[in-house]
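So that you can tell them apart, the chains are marked A, B and C in the order they are listed, and the count of residues begins at 1 in each.
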Amino acid sequence: MKLSAIASILECKVNFKDININGMNALKDAKADEVSFVANSKYVKDIQTTKAGAVIVPDSLVEYVPEACIALVVENSYWSMAILSKYFAPPVEDEKLLDALIGDGSKISSKAEIAKGAKIGNNCTILAHVYVGCEAVVGDNTIIYPNVTVYRDCHIGSDCIIHSNTAIGADGFGFATNAQGEHKKIYQNGNVIIEDDVEIGSNVSVDRAVFGSTLIKKGVRIDNLVQIGHNCEIGEYSVFVAQSGSAGSTKLGRNVVVGGQSAFAGHLEIAPFSTFAARSGITKNITKSGLTFSGFPLMEHKLWLKLQVKIARLLK
Amino acid sequence: MKLSAIASILECKVNFKDININGMNALKDAKADEVSFVANSKYVKDIQTTKAGAVIVPDSLVEYVPEACIALVVENSYWSMAILSKYFAPPVEDEKLLDALIGDGSKISSKAEIAKGAKIGNNCTILAHVYVGCEAVVGDNTIIYPNVTVYRDCHIGSDCIIHSNTAIGADGFGFATNAQGEHKKIYQNGNVIIEDDVEIGSNVSVDRAVFGSTLIKKGVRIDNLVQIGHNCEIGEYSVFVAQSGSAGSTKLGRNVVVGGQSAFAGHLEIAPFSTFAARSGITKNITKSGLTFSGFPLMEHKLWLKLQVKIARLLK
Amino acid sequence: MKLSAIASILECKVNFKDININGMNALKDAKADEVSFVANSKYVKDIQTTKAGAVIVPDSLVEYVPEACIALVVENSYWSMAILSKYFAPPVEDEKLLDALIGDGSKISSKAEIAKGAKIGNNCTILAHVYVGCEAVVGDNTIIYPNVTVYRDCHIGSDCIIHSNTAIGADGFGFATNAQGEHKKIYQNGNVIIEDDVEIGSNVSVDRAVFGSTLIKKGVRIDNLVQIGHNCEIGEYSVFVAQSGSAGSTKLGRNVVVGGQSAFAGHLEIAPFSTFAARSGITKNITKSGLTFSGFPLMEHKLWLKLQVKIARLLK
């Protein structure tokens, strides 16, 4: 897509040498043929160092855009980004892709649907009413139970088990809101990558990334009814107990244990080997590894136990 | 159905001019050809002003039934209503209905099931393993991802997106319980109406109404694993973050924001532009708009922050 | 399977008269042709009285193994049990079984999948995209809505209703973890038994037992998005409101009412006619029946109300 076409969609007037734009990406990850955006002065550093070919930017932040990057100045850059995201969304299904490839020894139910361009490895079992979307990839020896949906472009590793009625790669919860309170969808053009030896329970939602990937690393165990927001990164061998969840862009180290009904706010970093008791509410980074936490607001578990004693005393 | 037949089902003896009853409805909404019920003295005003042709009523409330309305006096009116509800339930599927109508440009997977009497608008995309029930209606340009179930009689607007493994229109959680602790199902004979430009995440449950409609208004955004109880009304552009929910019959104004894992009790009214922080528990009406709340029990967010400081002080 | 083969898989050297082992089971339930395991000194009594033919045991507990039971001494008995569990797992599907049996008057959608060896009773309605696994059993008059998955070997009674996108019998959340933090799946070779007159909402997860059965007794009502862990036992006419759940092996008496978003820890016993207000967190046994509880930590509801008054006072 020509940058001039993008400028026209966003109704912003700019003078520039026209270039080809092949995607949208975050400031930090965007390349010279990609467009990025910034909506918040918190990200000034990321603007200054971006390698993006162009950036959608409000007037107040235009001064930070580096010389090599073309500024598309708009009133509401988040809203403009949402408008533009639709143009980079791949089709839901694409009949022009090649037929799916199925590895040796894999059993695919005749009542499953493997969309065009998908690749299934060897010795997989894919049961009835499973959907594997366009260009999705499944490794070897993986079992996908009935009624699982794997959205297009998502990757599932080898030796994985995905239980029934789980959705891998549905759109992250992203939209811009204008002054009238109306919402505009931000198309989620990233994907989900699930590494090897991961087991995911039933009725789980793992959302695809807006850009890049939501990442579930090797050996992770996810129980039923868990929510993993877009762009999360779940470290090796981490464990989510039932009905827990994480908002978007939170990154967990390895072997983090998340108790039942616990939840993370978005954009956090959690040290490896952290443990969260049931119903913890985590809203801040955890920098020291190996500790156990409880409560909402969160505190160290031993402090939480002490607090319960104090609260019980209030009743006397 | 003849009122005399109903009286016979409920084993109540009455003297009346027989009439035709074409449905069951709430006291406030029932018409002259409908039967209603009352189980609780809280609704005396609604009895006195009902336009229902007949009402199932305990002996203690019969005095409030208006002259034009025939009283069906029973011992346990809620239980009797449950018994009767089954007789007004439409069949789960109905082969006698006309074939589904599919609009121009709509792509329906051969592995989807569009039941008899359903209508799909133009330019829709309906993927594999979707079920659209009898007489359900879908507007134009709507995308329904794999493994979504739309129960019979439900309406989905135009420009909507429904993500995988979501259930629209399953029965509300309704039953009567007798003195022995046994339950009797109250058939949920209403439906769900989803207006235009609504996006619903994966693994969401939106229950159908017992009478009338569960209503999701224009522009609403619902994240994953959310519960919307029967007869709720969700105002325009309201937002439910993941794993939040509402019990039945709660009505939200426009642009209400519901944080992750928050929940509403039933039968509440919530002012527009209210915001609820993550894990709020809302058990009372909110009458003033534009405020932000937290906690369970709920309080204004700034008060909740103050409380956390006080509680932290307890630990010193 | 020969015990000598098991000893070889677990790499433990033992001198014994070889026997046939036909299954794995809990210490309390294992028979002379079954192998059990013990990982924890809490279960010394259960070792001493086990009827198991053999037991996987760490060196520290071998002294409690009765004479009639062969001890398989290993370093990490839980990990060894996990390794062995895979050998007793039935195939996901089994083409050698007989065709499914369908009772009189049952309507099975051509887009449903009833696997080999399954039995469906009379007058059932099984809608599109339902999966009923190998050797699963469904009683009479039961309705299974679209996109429900019933895993192999599970039993559903008569007069039941299972709503859309619910998973019955997915694997319980079981794994062993070694010193390196890696996990090993414990195959869940038990099943789920749902008795008669049970209604289960949409997007519910009822996990199969590791050994034996997860049991949902007669007349139970389960709302949407509920989690029932492996080996739970839910008493007659108990009620789970939306988004509540239970960890594994918890046993509820009859007519227990579980409020929305409440949850039980595992291995509890809950007295009949207990009521838990919304968002209760239950971590201890309830021995006296008929009481109402709230909060987390849990307390009697009237105490919880008093506590809220005290907490409100802190703010003044």
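Just so it is clear, contacts are C-beta pairs under 8 Å (C-beta built on N, C-alpha and C of every residue); 3 or more make two chains touch, one makes a residue touch a chain.
Keep in mind the model is a prediction, meaning the values are calculated, not measured.
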Residue numbers at the chain A-chain B interface: does the shared fraction exceed half, giving same, or fall under half, giving different?
different
Cα superposition of chain A onto chain C: how big is the rotation, rounded to the nearest 5°?
120
Let me have the rounded angstrom distance from the C-alpha centre of chain A over to the C-alpha centre of chain B, please.
31
Per-residue multi-chain contacts in chain C, two or more chains:
111, 129, 147, 165, 203, 225, 243, 261, 311
Complex contact set, residues of chain C against chain A:
92-93, 111, 113, 129, 131, 147-149, 151, 165-167, 170-171, 173, 175, 177, 181-183, 185, 203-205, 207, 225, 227, 229, 243, 245, 247, 261, 263, 265, 281, 296-297, 303, 306-307, 310-311
Residue ranges of chain A touching chain C (in the complex, touch as defined)
107, 109, 111, 125, 127-129, 143, 145-147, 161, 163-165, 199, 201-203, 219, 221, 223-225, 236-237, 239, 241-243, 254-255, 260-261, 273, 278-279, 308, 311, 314-315
